[in-house]
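Notes to accompany the following structure.
The chains carry the letters A, B, C and D, assigned in the order they are written, with residues numbered from 1 in each.
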Amino acid sequence: MHKGRLEAFTDGVFAIIITIMVLELRAPVGADFSALRPLLPVFLSYVLSFVYVAIYWNNHHHMFQVTPHISGGILWANLHLLFWLSLFPFVTDWAGKNHFATWPTVLYGCILFMASVAYWILQNVIIKHHGEGSLLKKAVGRDAKGKMSMVVYGIAIASAFIHVVIAQALYCAIALLWLMPDRRIERVQAPSHAKPN
Amino acid sequence: MHKGRLEAFTDGVFAIIITIMVLELRAPVGADFSALRPLLPVFLSYVLSFVYVAIYWNNHHHMFQVTPHISGGILWANLHLLFWLSLFPFVTDWAGKNHFATWPTVLYGCILFMASVAYWILQNVIIKHHGEGSLLKKAVGRDAKGKMSMVVYGIAIASAFIHVVIAQALYCAIALLWLMPDRRIERVQAPSHAKPN
Amino acid sequence: MHKGRLEAFTDGVFAIIITIMVLELRAPVGADFSALRPLLPVFLSYVLSFVYVAIYWNNHHHMFQVTPHISGGILWANLHLLFWLSLFPFVTDWAGKNHFATWPTVLYGCILFMASVAYWILQNVIIKHHGEGSLLKKAVGRDAKGKMSMVVYGIAIASAFIHVVIAQALYCAIALLWLMPDRRIERVQAPSHAKPN
Amino acid sequence: MHKGRLEAFTDGVFAIIITIMVLELRAPVGADFSALRPLLPVFLSYVLSFVYVAIYWNNHHHMFQVTPHISGGILWANLHLLFWLSLFPFVTDWAGKNHFATWPTVLYGCILFMASVAYWILQNVIIKHHGEGSLLKKAVGRDAKGKMSMVVYGIAIASAFIHVVIAQALYCAIALLWLMPDRRIERVQAPSHAKPN
């Protein structure tokens, strides 16, 4: 099966998700500087979601570089990931408009959690299709980073009922964790010193 | 003629259709959990339409893998399919906002039916262009699955006037039928045991 | 310069233009069949614009198949065409919502006219870059069809002040003219019987 | 790393940004010619933003033609540029709806400035990754044009507090400056007379 078209379609969906989120940032009614102030939480939730979608695109890009073959299962696991990512504009808008109130913060976390689960499923479907000796398996190893993210999303969701700032801080922390250069896939691609971790 | 550009343009349209549907899922006014409840039918209609667009993209992808040449007729049959798919966001929104009332359910079924007719036309234009001995002809055979879907859409539309739940159940059933792994095209691509069915 | 990326970007813009027009087709408030009736002119203007954008994509596709090289001038002539095409969603919406009243009909025609002028400029910039002996020059010849379209748009715009139905009929007639199979480019691509017309 | 996918994703984002800006150009309520008049500033701000996004796409296209390798840093510098460009629809709408009042004009200039800074960062990340002897370094030299643009944006932002027309004129002037054919990259690509400037 043809990898190029899956990547092209996925890139299209990523490009649209990352861009239509900005449509929720509507021009304020007044022309004063103060008219921008109510937009600040909407803008901040846009920035956070932009970074998350960018991280997913980046990781997806890397993962498919070490994915030589595509199966029907991979296609559907990929569409499943895109489904959860497609809900980002909705939760971004709800969270932004309500200044990250409790329930919007919880739902935002749930979508982050479901997207990370969907990514983990996709990763496992690809590894299963290519075998335990595959480059992707070597690169992700036991995938401590991915598993930890899922656990932290769970903690963040629970902590939103105590104080939303804890949840927000955890969402930002995980984004920063993934922004740090991740050499796992570059390492296995370099022919001489590829080894499982 | 160049297959790549038709695929790229089609992928773009598919990516936009599947993503803009989520724009109808507008952030509710309140920040309570209960504010989400009225969105449930809109969300469910979004899920169903997402699955349908994903199935069409999947099948389109497979069909064009066994389509070596493109003609003017294929280009237009493809655009005709995209036209009906482009109406998905509209009917999804109407059906979702009216809790799948009778007429929105009927119109939803009509668009599903027209899209399946357009897909069937595209398939036949491709087969006609490549001859009866083509790989696609071998793969689809008499296309019992495609024809059955069209008949069931017709039954579903009629049954919506009795009770909309019957129609909804049938729409979901056909989606599940197409979600089942379909090996028709993979089978003819495997060189040794390709045979018409 | 790299033709692939110009085509990919152009396909993206075409795909978005053709798809976002459907966003103007908003779900009506009621759930009755009669609630759809006011949408009919909006739907018809959507169909006409869909066909026009499809024709432009089709012709663009053909034109770039016989365009081996890209220059800075071609890039900007292409962006100029995309600018006028990007106004289609706006005029489609205005014309549809006002049942093709006089001024919306006039503006719709002006955008059709400007898009055809932009296409003609793009074609000439490509021919100038590749020389009079180029395949594209052989294919379009004196481009009677393109020039006639521009003249008919002018007549249609003027006739809208007499009766909008004349203008609408002319817009549909030109769309049908371009929907007819156009073998000009296929002919010059066939190696043995390519000759200028 | 794979350049094609970065370009495809970037082209998708560019295509969406340039197209969704037109969604702010909403069909007026009346059907008279006079109903279009209030749209004029929105239309003019759309034209200016369209030209700017087109210039960025054009320059991006040229820059990546002399960029053989992609690194993680380049990916993120590119996403950073896309972030600022994604705010164009928002500032275009705000500036257009307020007839380029002081603060919308200032914010418009700030986004132009940040986009030019992001472009400059991307350019430097690419040069750093490929070394001082790289084709891109040869092409941009000391990048007087890029640096001057940043300075002029700063002057324009300050002058908006004196009179917005000065700022608008400067925004248009820089757009025209970049519309002028820029042979820097073509020159270094021509094998025989490539020399650093």
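Rule of thumb we're sticking to: a residue touches a chain if its C-beta (ideal position, glycine included) is under 8 Å from a C-beta of that chain, and two chains touch if they have at least 3 such contacts.
This structure is a prediction, so every number in the text was calculated from the model and none was measured.
Engineer: Taking CA centroids for every chain, report which one is farthest away from subunit B.
Structural biologist: Centre of mass proxy via C-alpha means gives D as farthest from subunit B.
Engineer: At the place where copies subunit A and subunit B touch, is the share of residue numbers found on both sides over half (same) or under half (different)?
Structural biologist: Result for this pair: different.
Engineer: Could you tell me the distance, in whole angstrom, between the mean C-alpha positions of subunit B and subunit D?
Structural biologist: It comes to 38 Å between the two C-alpha centres.
Engineer: Taking each chain's centre as the mean position of its Cα atoms, how many Å separate subunit A from subunit D?
Structural biologist: Chain centres of subunit A and subunit D, defined by C-alpha means, are spaced 27 Å apart.
Engineer: For subunit C, write out the residues touching at least two other chains, lowest number first.
Structural biologist: 8, 12, 15-16, 20, 23
Engineer: Could you list, by residue number, the parts of subunit D that touch subunit A in their complex?
Structural biologist: 1-2, 5-6, 8-9, 12-13, 15-17, 20, 23-24, 72-73, 75-76, 79, 82-83, 86-87, 89-90, 93-94, 97-98, 101-104, 107
Engineer: Can you list the subunit B residues touching subunit A in their complex?
Structural biologist: 7-8, 11-12, 14-16, 18-20, 22-23, 25-28, 31-33, 35-36, 47, 50, 54, 57-58, 61, 65, 179, 181-182, 186
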